[in-house]
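Structure record follows, encoded as structure tokens.
First chain written, first letter: the chains are A, B, C and D, and each begins at residue 1.
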Amino acid sequence: MSKNSVPNTQNKSVISRLGGQKFIVLLVVVGLIIFFSAVSPDFRKYSTAMSILDYSYYIALMAIGVTFPLITGGVDLSIGTGLICYSLTGGFLIVQKGWPVWAGMLMALLLSIVIGLLNGVLVSIMNLPPFLATLCTCMITRGLGSIFSNRLGISWPTSGTPGSWFRNIFKITVNGTKIPLGFLWVLLLVAVMAFVLNHTKIGRYTIAIGSNKEATILSGINVKFYHIMAYVISGLFAGLAAIAYSAVFSTVQPGTGAGFELEAIGGAIIGGVSASGGVGSVGGSLIGVFVICLLKTGLPYIGLQANWQQIITGLVLIGAVLVDIMKKKKEKI
Amino acid sequence: MEKIKHNPIVEKLGFNRIILCGVLILMYVFFTVFGDNFAGLPRILSALNYAYFLGFLSLGVTFVIATGGIDFSIGPVMFCSALVSGYCLTSYGVPVALSLVISILVGTLFGIFNGYLVAYWSVPPFIVSMASMNIAKGVASVFTKTQSVSWPQGTSEQGWFRNLVKVGNFPVGLVIFLVFAVICSIILNKTRAGRYILSLGSNKEAVRLSGVNVKKWEMLAYVICGILVGIAAIFFVAAYTTVQPGYGDSYNNEAIAGCVMGGTSMTGGLASIGGTVIGVFIIALLQEGILALHFSKDYQLIITGIIVIVAVYADVVARRRRN
Amino acid sequence: MKKKVLTTLLCVSLAATLLAGCGGKSDTPASADTAPATEDAAPATEDAAPATDASVATGGDYKFEIIVKSYQSSYWQAAVTGVNQKAEELGVTVNCTGPNAESDIADQVNMLNNAINNQPNGIGLAACDQEACLDSLQTAMDKGIPVVCFDSGIPSAPEGSVYATIATDNYAAGATAAENLYPALKDKIASATAPVRIGEVNQEATSESITSRGLGFIDKIIELAKADGKAVAVIGNEYYVNNCSEKGDEASADIIIEVAVPAQTTVELCATEASVILNKADTIGMFGSNQVAAEGILTANENLDVLGTDPATSILAAGFDAGSVIKGAITSGKMFGAVTQSPLAMGQTTVEVLTKIANGESVSDVPTQGYWYDSTNMKDASIAPNLYD
Amino acid sequence: MGEVILTMKEIDKFFPGVHALDHVSFEVRKGEVHALMGENGAGKSTLMKVLTGIYKKDSGTIIYEGKEVEFHNTREAQSAGVVIVHQELNMLGHLTVAQNIFIGREFKKGIAIDDKKMNEEAKKLFDRLHIDIDPTETMSNLTVGKQQMCEIAKAISHDAKVIVFDEPSAALTETEIEELFKIIRDLRKQQMGIVYISHRMDEIKVITDRVTVMRDGTYVGTLITEECTKDDIINMMVGRVIYEDPKQKSMVAKDAPVVLKVEHLNAGRMVQDVSFELHKGEILGFSGLMGAGRTETARAIFGADPKESGDIYINGEKVTINSPEDAVKCGIGYLSEDRKRYGIVVQKTVAENSTMATLEKYVKGLFIDKKAEREVSQEYVDSLDTKTPSINQLVVNLSGGNQQKVVIAKWLVRNCDILIFDEPTRGIDVGAKNEIYKLMNKLAEDGKSIIMISSEMTEILRMSDRIVVMCEGKKTGEIGIEEASQEAIMNMATREIS
């Protein structure tokens, strides 16, 4: 028993497995890109890449955020309807109440933090199952969004009109070439949140809670606070996603948004976040999101009728998770 | 207070269920007082229309949640069942009775698919739901060529199936729904299937090590859910005629809410069919009442969310105190 | 016991605070309907209502229920504004409701049943689905509540239940778009050596109004092209291909009409479908058959920059409905033009007709129109009032 | 022994319906190892939890370093120098060793956590304790023993003045216990006050200076370890003498038939080429160190885990067992070492748990015959003397020993001929232990065959007719009870196989 060699090799295999999962998913992304490019010449255009990026920001941002509750062993289902709620609120204040754009955006972010806080309190202090608590806030944000905006669809200032500067956060045109600034932001945020997850107390305790909540409590850590923080992060990123969504799609309609969270969570899980908590990486979540986004945007390019796209997306989802399950099963024996 | 709690009936149903009943009655009184023309049969019938299909969905998902799993493909699968069978009826001339069977069959197939992946391949239920939700929508659109399907009107020759909901003003659907609820309750509490489903929701490994084929029983829960979702589809079209491909998600949350409000634990092992029925009635009454108060549906969602939170929190507190 | 009291208190206070959150807003649904009326009344002043005849119906103490298809797009907001304006003018009470999305058919049926139970003097209905409401219409008739359909008719309604229909002929409106778009493309088509492509994005293939517009556009293009001796083929979504006047043969066609319908009615999928078509080198024209689809085309163009008003260098896009995004695009030359209906007038007419029925006057169907507008005529008195935000 | 560092006086603690601590007093001196003993439920852990701030006391005083204190949470206690090494391992499997040790008080560099420094500090700590563990190792990759060492290292790293060991040896192998004792002696030399909670009498004699005994939430007395005998301590704990000596000879008839034969069983790293026979009416002890592969062997036989190769014969007939279902059909029952996770369904009643393995027999038509179910479970509640208010009680509310009896009843209802008891008395107090032993003997007498996996040498020697010893996944020896001795078994259990 005095030999360290046995656990050491095990350790390496675990690391390689985590990296491996990410690596496989990355390969899937590359494979999908190659496949779509081969089949459809239009897919190869720069503008297509721009579109895919544009449509991926909000899902990517949500996925970054939701990685945290997922790692605690929870989930946040409220981010999808939340996104619409925040965007509606911000847009309503800007368009109907004449607030400056920055103030509307700030308000959207504030609201997202409040909803995140509510989720955190429900889960951490009131001990409700995360699935359920966030299901309720999902319904609540859906309702609130409609009510805050008087049930009106809201169009954020379009490009060319005053107040459209916020669109430049995500995309600027230099000499006629469009630069996907938003993607840089997403990468930057991934780096920041990966740092937070791996090198700060918030991240460390997020993993600790997902790993063994009781033990974390007994280590004298203010678990309630850090547990809440995971949901606040998730909420805040839903708020950021709301701004990205508004900047890309302009018009936000009440009653929508349900389903966004599944894309984000699905992306995170494909990217290697364990549904039972403790394991996951922000970078992996991002890669996972691109699998979903590529399927969504790529399938129309190969001339597939829309209804088949959904079936294929469903099958790919199961396939991605099954590969992981099979691999774990093999390793176990 | 303590005395009430130890009354055998109360103990059997659970104190919180009794409170929930009270909430239901209070809500009715409230809406009658403040709503427009709320008293009377038409409102109740309208609320029941909503309660039927939602109720069957809730009953179904109760079994899945009892195993500690989750299924939020139920709404889209319900639509898929209604669309596929309805398309057979309207476009291929399949008789109504057979179409109804097809509807249940489609639901069952999805139940088998979900159950097999969860139980035998250990795919997390969350992922399975997500996938089968997409697949259900896709299959429905492919099958119907992306067309909505309207089932025959009550006045037409083929409209007899609407009698399942009501004959004249008599709510036949209520009777059928309650009969199914009783059957579900018996399955859950009096049969081997129910015993194993609840037990494996509480401690799957212990049940497996007792020599029980847990995979089979876990899958069965999803299949039962599928069957009930198929039935829900029938009641949906009998009340609302038209279904469109690509929708149905919004009913997931309400069905799960109704089930959980009634005391079924999300972590598995505890389920109450009676609670589910009350929960569904609360949601249905709420949606009718909110309209009668001239509020938008948004308020219904918010209030449902709050009721679920309070109900579950009460259960959490009660359980903590007991331990 | 202390703990129990405490927890109960907590529950109650939680519920109370959350409820208070809603309670505080409890006056909004009522005002939600009236607020836009007062705020947005300015752009659409009294000189609006081009489609209504001016006969004044004096309102009594009537109560009407108005049910719209959804609240999502500004189209419906304009309709509600019209309803409220007219109601105020005539001194009748209206209560506007509607589901969150046009796809929430069941919700709308519930709302209709609810409206009937409220026993109003009349109901104005923009039905999401033509079949789902029939039972309820029967009930309304049995109870003697008159129903007026607006925006979309219900052809199979029980005899006598619907007193009047105030609707745009969507098929004709779709054709209007084709009539205006085709001449601009004509030269390019004539000079083209290879087949050219005209794209059409429809948000869905199930709503009657959207499919009619889509088909109207396709059939008109086919008709116009044939007159010029060009062959047309329709490809893409099965429903449209099978229901247009002539699907043609893709191999031999001079003009290919490609019809796209996204997997779900979400904005980003509309945009994706649009960008697929816009990306094709042979595309010369686009049509988005409702606000979401038209905005999807514009969103897709954000990255492609292929839309414009000059057929020689860019793709010409036609939209449907108004709203600030589409209006902005037309002003800035991104979009060639669009068809707008007159939801404001439609809303007003609906209340007027309902009042007339309540007064015992006889009424008849009022057809409304789709108006083509582009950067040249947006300010015209006949068009401007219909361009809601 | 130095001056008194910690005094707990007249501590009172109520839980709903229970007077958990009834005016308990306790003291620790610098440089002493003070054993705290008592049966399960005697209040030892509760007392320590009051000390470290996990529970709030209802009355009484705690004087620490001459001042009255009250810690409100473990963190306060830790920073004052009072730390506890918990009975259950409180590790965070997904984090590294160093991250675990410094959880809650990470070194920081700006806002970032300084993992490098943590690794260095952890390394220093391990060097000080002469433990060989890589600080960057992921916790879940360590053996239970190493994990325990990490826990101790973590406790010590708090600059502790008082360390509470709550049953530290429960999961350790003999060699690891030796290591642990070395560390404890070291700490004692450094003038720390050490509280040592354990059930194992032998250890108490070896390592402690004083013994305080508790019973039913009350203080019974304090003895100087050197001046008392095991019997004295046990007497104080239970009020009666129940120490039994090893079994002298096998109770199995020479010609008893072989009911279970396992040949060349392979299942992963932990089960390599295991072969043995089990006779009718025999109690076959499986001994070995923690991690020797005994539980894995049992689980493989039972079909709970997949096996790679090997044959199983029951009553001479070859059988295929791919799942617990198959095993149960073959008449094998398995009582897991971890009752809560693998044995009972806590949210079900005693009756429902009793028939869990046999439910198909209690079905009338479509429905469960609840009357028959009640009858049979009542029968076994009576015959096993299970202490439960009623058979409708949820098992979660029963004590460990009684839960174990419910699990036994489950297999007896099934009428299994072969029973595998995996650590049957873990976490069960002395009185209940004896009852389980009696029951096992009776079952063997009735012709049932039993495989008993145990890490307690005394238990093995007391119960077994024959002993199989395993080490690192391989069977390293087999010995009849007549020849068996602690030394002989230990030899085999540590035998290196190349």
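Going forward, contacts are C-beta pairs under 8 Å (C-beta built on N, C-alpha and C of every residue); 3 or more make two chains touch, one makes a residue touch a chain.
Since this is a predicted model, take the numbers as computed values, not measurements.
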{"item": "Remotest chain, chain A as reference, centres from CA atoms", "value": "D"}
{"item": "Result of counting contacting C-beta pairs for B-D and B-C, higher pair", "value": "B-C"}
{"item": "Chain B and chain C, separation of their C-alpha mean positions in angstrom", "value": "34"}
{"item": "Centre distance in Å when chain B and chain D are each reduced to the mean of their C-alpha atoms", "value": "44"}
{"item": "Chain centre separation (chain C, chain D; CA means) in Å", "value": "71"}
{"item": "Rounded Å distance, chain A centre to chain B centre (Cα mean)", "value": "30"}
{"item": "Multi-chain contact residues (two or more partners), chain C", "value": "18, 22, 32, 99-100, 104, 237-238, 261, 263-264"}
{"item": "Chain B residues counted as touching two or more neighbouring chains", "value": "137-138, 141, 146, 245, 250, 296-299, 302, 306, 309, 313, 321"}
{"item": "Set of chain A residues in contact with two or more other chains", "value": "140, 146-147, 151, 254, 259, 305-307, 309-310"}
{"item": "Chains touching one another, given as label pairs in label order", "value": "A-B, A-C, A-D, B-C, B-D"}
{"item": "Of chain C, residues touching chain A in the complex", "value": "18, 22, 25, 28, 32, 35-36, 39, 70-74, 77, 99-101, 104, 237-238, 260-264, 266-269, 271-273, 275-276, 279-280, 291-292, 295, 298-300, 302-305, 323-325, 328-329, 332, 389"}
{"item": "For the chain A and chain C complex, residues of the former touching the latter", "value": "42, 45, 47-48, 50-51, 54-55, 96, 140, 146-147, 150-153, 155, 158-161, 171, 178, 248-251, 253-256, 259, 296-297, 300-301, 305-307, 309-310"}
{"item": "Complex interface listing, chain D residues touching chain A", "value": "54, 73-75, 78, 86, 89-95, 99, 103-104, 106, 108, 111-113, 115, 132-134, 137-138, 141-143, 145-146, 173, 175-176, 268, 289, 291, 306, 308"}
{"item": "In the complex, chain B residues that touch chain D", "value": "186, 190-192, 195-196, 198-199, 202-203, 205-213, 269-270, 321, 323"}
{"item": "Of all residues in chain D, those that touch chain B in their complex", "value": "16, 302, 304, 323-325, 327-329, 334, 336, 341-348, 352, 356-357, 359-360, 363, 366-368, 370, 396, 410, 414"}
